[in-house]
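Here come two complexes built around subunit A, the first alongside subunit B, the second alongside subunit C.
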Partner chain A sequence: MSDALIFQPKAGKPAPPSTLGVVGWVRGNLVSSLPNAALTLLGAYIVYAFFSAVIGWAIVDAVWEAQNRRECLDLVGRAGACWPGVKAWIPNLIYGLYPKDQVWRINAGFLVLVLWAVPLFLPWVRSKVMIGLGLVLLYPLLASYFFHGGDKGLVWGALIALGLTGFLWSWLTAIAEARREAPLLEGRRRWILLAGLYAVSLLVVSQWVLDEVQTRLWGGLFLTLVISGFGITVSLPAGILLALGRRSRMPLIAAVSTTFIELFRSVPLITVLFMFNTMLPLFLPAGVEVNRLLRAIVAVCLFSSAYMAEIVRGGLQAIPKGQYEAAAAVGLGFWQSTSLIVLPQALRIMIPSIVGSFIGLFKDTTLVSIIGLFDLLSMARAVGEDTVWLGLFIEPFFFVTMIYFVFCFSMSQYSFHLEARLGAGQRR
Partner chain B sequence: MSSTIDPRLLRAPPKKGLRLSWADERFRAIVWQVLIVSAIVFVIWWLVRNTQHNLEVRRIATGFGFLGREAGLPIGESLISYTPRDTYLRALTVGVLNTLNVAVVGVVLATIFGTVIGIARLSKNWLVGRIATIYVEVIRDVPLLLQLLFWYTILQSLPGPRQAINPATGVFLSNRGLKLPFFHWESAHTAAFGAFVIGCVALWFVAKQLRAKQYADGQPRALWPWALGLLLGLPIAVWLVLGAPFTTDIPALRGFNFSGGLNVSPEYFALLIGLVTYTAGFIAEIVRAGILAVHQGQWEAAQALGLHRGQVLNRIVLPQALRVIVPPMTSQFLNLTKNSSLAVAIGYQDIVSIANTTLNQTGQAIEGIAIIMGVYLTISLSISLFMNWYNARITLVER
Partner chain C sequence: MFRYSLAAIAAAAAMLVAPIDASAQQTLAQVKARGSLNCQVGLPTPGFYALSAAGVWSGMDVDMCRAVAAAIFDDPAKVQYQSVTSAVRFTALANGESDMLSRTTTWTAVRDTQLGLEFAGVNFYDGQGFLVSKASGITSARGLDGATICVLTGTTTELNLADYFRANRMTFTPVTNENVNVLVETYLGGGCDAYTNDKSSLAARRSAFPSPNDYVILPETISKEPLGPVVRHGDNNWGDIVRWVLFGMIEAEEMGVSSANVTEMLASPSPGIRRLLGNEGNIGEGMGLPKDFMVRVLRHLGNYGEVYERNVGVNTAVGIPRAGSLNALWNNGGILYPMPFR
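What follows is the complex of A and B.
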């Protein structure tokens, strides 16, 4: 049948111009209805008011060159920021009261940290776990001499040499693995090499003399990083042990862990800091002096371990029972099944919360300023108490706010990245 | 028919007797526990012995006897009457009440503000969503102590009382804090407030009755006339019966400071703003996650059943979202309460601040710390008990 009615669709009309491009986006997202348009106006007003006030204060009306605060006030009053005070204090904000001619040691110490961490990001390095563990365990030994210096006894000298050996060994491993000469570092040869490296390190360390810088001179961003670094490296392993203890079938161990966790989680950190600050001298035998920094570090570590323990417990609970049973069925013992099967899976789930906890810890280090340590926040407060810059508080606060924000924000962004990379196996 | 049973199953299970061997799991467990517990006991014994020795050397008497002594420490603001001549016990009570004051008001305001931000972040309006996102990201990544000091400095740098900012009649904002108009509180107001509480309880019973009737015959019954009568009518009636006293108390500038009205001190105000804005950032994320956790299909299914928007939200979406929201919200409330201890940095006299002064004046370090810890343990446990009870009420009852 030639005259059959054949359905001929009309050519599709183009989408109405009001739904396309910029116009469409604006109509859809900003002014889709009357209340929505009102909200947009309100939002735009808030954004405008906020940014014009902040930019006007911090940039447009700000003073950049002045000798003291009086000059700033004479120039613009309180309408603009007075940045010269902050600029003059930047070295103090970063290094605290650390002697100016010794500041290079802090820089060198952090440079070693960065260099040590580099192999962790090189794609061809296979022994990343070993290097990472070495970094966490041995770097503090090496850094302690960089930062503190002074008279090293026999034991401390040996420990510093151990730190140096760890650093050299990490790079040796990385280079050997890059040149596919890993067998070079295996068997008996490895131990001979290690012993040789250690001997060289001992020799270097014995010749290495740095002046002592007492911890009461430590301060600024440097001190904040030291305290939070300690807190982060101690709280994760301690938290894992506490969480395992709390889930343990041994009733006494579970009871001890639970008491510890609940006790520390139900009181504020400032109380724990006060407690260690005032009570540690009472607890220890007469004559034993523990410096303030150590007291604060111990308090921060114990406190954050309790929080970390609850996060790890959550992660452990999320692992199905079948995983434990399967691990037992292939003959793995408790520690093997925990470290090889359960924890790697649990840690991946926990990354966001763990990093969240690290960020919290980093922010909480500000509390040590209340017990008289000169961290970044105390140094910012000290600017306004300097006679030259008397009353200059808001500007340094603004400046350190940005420092804290940059650190915390990059940590959280890195955690997203890590989560996405490690979660590759979960994606379809 | 003996062939149906596997002969291996007939063998007796291995004996359960405890063997004194490292290969026996239970033996190992006992050894470990004995070792760890004795180590802990030893450390505690050592610490206690050192402490006793140190206290003897420093001639510090232990015990809570100092609580009855005259405190002599001035306290800026308190909910109960207090003078420096009162005892330490009363001073510490003032501190606890101050902590509770800022915590309760903070929790209520942070919940409201956080919910608004959380919903704004989900808004279809691009600009509103972006503003909420930036707010949450920035506020959560800056230390609370820094924010508190920031607010406190700003409040301190406001003009003095004579040049106070006066946005509305009777409202003054100066470096002495915020002054609000109020009315003279009399016994009739207390009675009216009591009537309001009774009205709340009565309304709860009425709502239960009405729901039972609706379940019986399917007819929905309006609750709002009851709510209006019990929550507004009853207190107003009580107030009118008692003579309707009402005298306004508007703050006015006298000399160098204000008199009258309700006074919000700069310390309290800074602490409250800091705690509320900070905690709201976290609550916003919890609320957002809770709302996102309810599947879109739930909205559609409820609408398909003919429920209107309010009913969908009340009966379908909120009950499911709350299950996700309540546990993390509990820990935020606890955090806010614990964070209120940062008051010590800006001079608001909460329990930590007062106990710390007490500790410095009397030298009773152990007792002072024990009191602070006891107070926070009690508050934390009460909040978590209440929230656990509430959580148990709203959790999904599964088979």
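What follows is the complex of A and C.
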């Protein structure tokens, strides 16, 4: 009897060098067969032709210094871009017709926004929900005065102070939590602190004197951000409420929500904007003027809420019934089970759709140009109509395309980041 | 230039409002109470309502707004410019957002009679023409048979073009777009043999070509485009104000009164000038304006000739020669004929 034949695996050989590294990747993916190689060559040629043309036009042959378009044309004709025109218009493209000596207010307003949002990204801050809520609810109050200015009046002054209080409180909280002091948020001390902060804010705000800048002067990227900012912050909570309303067992609420959603989803945004901007004043008594920008913002918010509602409803439907039942079994009521069990899971699933909707909204704001608001795109269009830069329109559109790309791409990257963070270890 | 897309809605809206607007008689009072004139211009267009990089509006039509503001407030800066697309221009006037509209709007029967509008006059006589390259050898629109022609879509421009070719039994291939800049770029890139638009626009665009002198505007004018300020139906006094500010500026040119000499002219014995400047009669007071409203207008804006030369004259980028054109005074070969100021 000989020994039983035992399988002895040979030691693995290294992969053939032709499949390794860059060479291997190129062979495997680009030139694996003759048709493939041909396609690769064709693709490479297209990419080369496209980029060499764009780069040649936008950089190599471009004119960077000129007083007017005529100088550009005399230098390079139409072969190269004429950037000085875009450069001269950059203040308008970014801030619209906002008085140039007041532009610092917009910058300050956005700086406050960024500063306010910083604690949300600091790992040791625990009150992120409160800070985030404060930011969404109170920042517009503070920003409204930065951007609009003018006579404050009592009520508005009190609201602005509320905004400032929110900002200060957020940072105090962040600092306290960094030093592991919790008492800021505890019991009576919190209320005393808040009252003190509010008193200080009132005092500070009462000292602020900013000239009025009417909203018809707002424009450019600033206006685009204001409109889409409002649309984004309003549409999410409103969409959640509408979606819950539509799923509600109470017939009245369900009917109202459904009607609202279906009404706004079945008309194009341009129509909604048109209705709000040109038809609405027809029904108002003479002399009553509702701010044009406000009308546009309301229209955008209503429209995007309807879309958001359907996204949220889709997310809610993806949550298994067992989750609702389990929540009910441990004695949670409707609002508790919704906010603690269902929504957190649903929102996580919905992130891609929600961000997709935000990006769409950001781009859709270009439609406000039809009702006479000078958003980023209309400003870009105006460059080519300036007598000094007459006919210059590819360059500003190129520039604006880059701006839109940066914003939309950042939003989508942030959503990937959010998905990765929230979904870790909980993938289905 | 007339867009059809939303015109039907605009028309319906305008008709809804015009007859029932209870405040119709009070536009002047509203403007005074507000402290500024809401004047509607169009999306920036060189020569007529241009926006500069500094954010300042200027142009023929902008000066019309400024003149009315000067007549009311003695301050041409008291204007709030509203710039909307042509699709919603009449609705924005009808719904009361704009007090007047001054944006190269062609006076047509339908607009005047069916949209609840009142044309206050004509401040520029335009007409549609063709632009071709000198190299093409074409010297008359009749030579365009079979040509490819770049034309703005959705405007009367497109219809005029079709009418002209049909009337002359010629054929053409249209290349359309709704953006002038795109059309011009198409034309320069060789996408069409000729480019058609109102002649004022052709002149302006040609000035921005790489080599303007290689192109000519053909002599034919294939349409009538009397452009002027517009107000709502129903407030005749307000329409009178706009109309007589315009007539006053043309009359001033005819009488030789300008921004430079208006102060000296106050002492002029000529009865016509005395009436124009408010030293005789009560033309201004009859409209709710001060007697010397034309003095204000002339001091700030100048007469029609000054406004023309400053905005679209030969020394500007737009460069439309006035002498011998329709826009010259009636006693100078043109058809500008102000009604007597008496």
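FYI, the second predicted complex is superposed on the first by the 402 of 428 C-alpha atoms of A that agree within 3 Å, B and C clash if a C-alpha of one lies under 4 Å from a C-alpha of the other, contacts with A are read in each partner's own complex, and residues count from 1 in each chain.
In this text, a contact is a pair of C-beta atoms (placed from the backbone, for glycine too) under 8 Å apart; a residue touches a chain by one contact, two chains touch by 3 or more.
Since the structure is predicted, the reported quantities are computational estimates derived from the model, not experimental observations.
Q: Could you check whether subunit B and subunit C clash or fit when both are placed on subunit A?
A: clash
Q: For A:Arg69, is the partner it touches subunit B (first), subunit C (second), both, or none of the two (neither)?
A: Touch partner of A:Arg69: subunit C, not subunit B.
Q: Taking the superposition as given, does A:Ile394 touch the first partner, subunit B, the second, subunit C, both, or neither?
A: Touch partners of A:Ile394: subunit B and subunit C.
Q: Any idea whether subunit B or subunit C touches more of subunit A?
A: On the superposition, B touches more of the residues of subunit A.
Q: Which of the two partners, first being subunit B and second being subunit C, lies in contact with A:Leu194: first, second, both, or neither?
A: The answer is neither, since A:Leu194 touches no partner chain.
Q: Does subunit B (first) or subunit C (second) touch A:Arg78, or do both, or does neither?
A: both
Q: Classify the contacts of A:Thr40 with the two partner chains as first (subunit B alone), second (subunit C alone), both, or neither.
A: It touches subunit B, and subunit C stays clear.
Q: Given the touch rule stated above, what does A:Ala382 touch, subunit B (first), subunit C (second), both, or neither?
A: After superposing on A, A:Ala382 lies in contact with subunit C but is clear of subunit B.
Q: Touching A:Val256, do we find subunit B (first), subunit C (second), both, or neither?
A: It touches subunit B, and subunit C stays clear.
Q: Is A:Thr278 contacted by the first partner subunit B, the second partner subunit C, both or neither?
A: Touch status of A:Thr278: both partners.
Q: Is A:Met130 touching anything from subunit B or subunit C once the two structures are fitted on A? First, second, both or neither.
A: A:Met130: touches no partner chain.
Q: Looking at the overlay, which bit of subunit B runs into subunit C, 79-87, 169-177 or 313-321?
A: 169-177
Q: Please identify the positions on subunit A that touch both subunit B and subunit C, taking each partner from its own complex.
A: 78, 274, 278-279, 281-282, 286, 369-370, 381, 393-394
Q: For subunit C, which residues count as touching subunit A in their complex?
A: 6, 9-10, 13, 16-17, 21-23, 30, 43-47, 50-55, 80, 82-85, 87-88, 91-92, 94-97, 179, 181-182, 184-185, 188, 204-205, 207-210, 316-318
Q: What does subunit B use to touch subunit A in their complex?
A: The touching residues are 29, 32-33, 36-37, 40, 47, 50-51, 53-55, 57, 123-128, 131, 137-138, 140-146, 149-150, 153-154, 157, 334, 338-339, 341-342, 344-345, 352, 356, 359, 365-366, 368-369, 372-373, 376-377, 380-381.
Q: For a test of understanding, state which residues of subunit A touch subunit B in their complex under the given definition.
A: 29-30, 32, 36, 39-40, 43-44, 46-47, 78, 249-253, 256, 263, 265-271, 274-275, 278-279, 281-286, 359, 363-364, 366-367, 369-370, 377, 380-381, 393-394, 397, 400-401, 404-405, 408-409, 412
Q: Sort out for me which residues of subunit A touch subunit C in the complex.
A: Per the touch definition, subunit A meets subunit C at residues 69-70, 73, 77-78, 88-89, 91-92, 97, 100, 214, 216, 274, 277-279, 281-282, 286-287, 289, 292, 369-372, 374, 378, 381-382, 384-391, 393-394.
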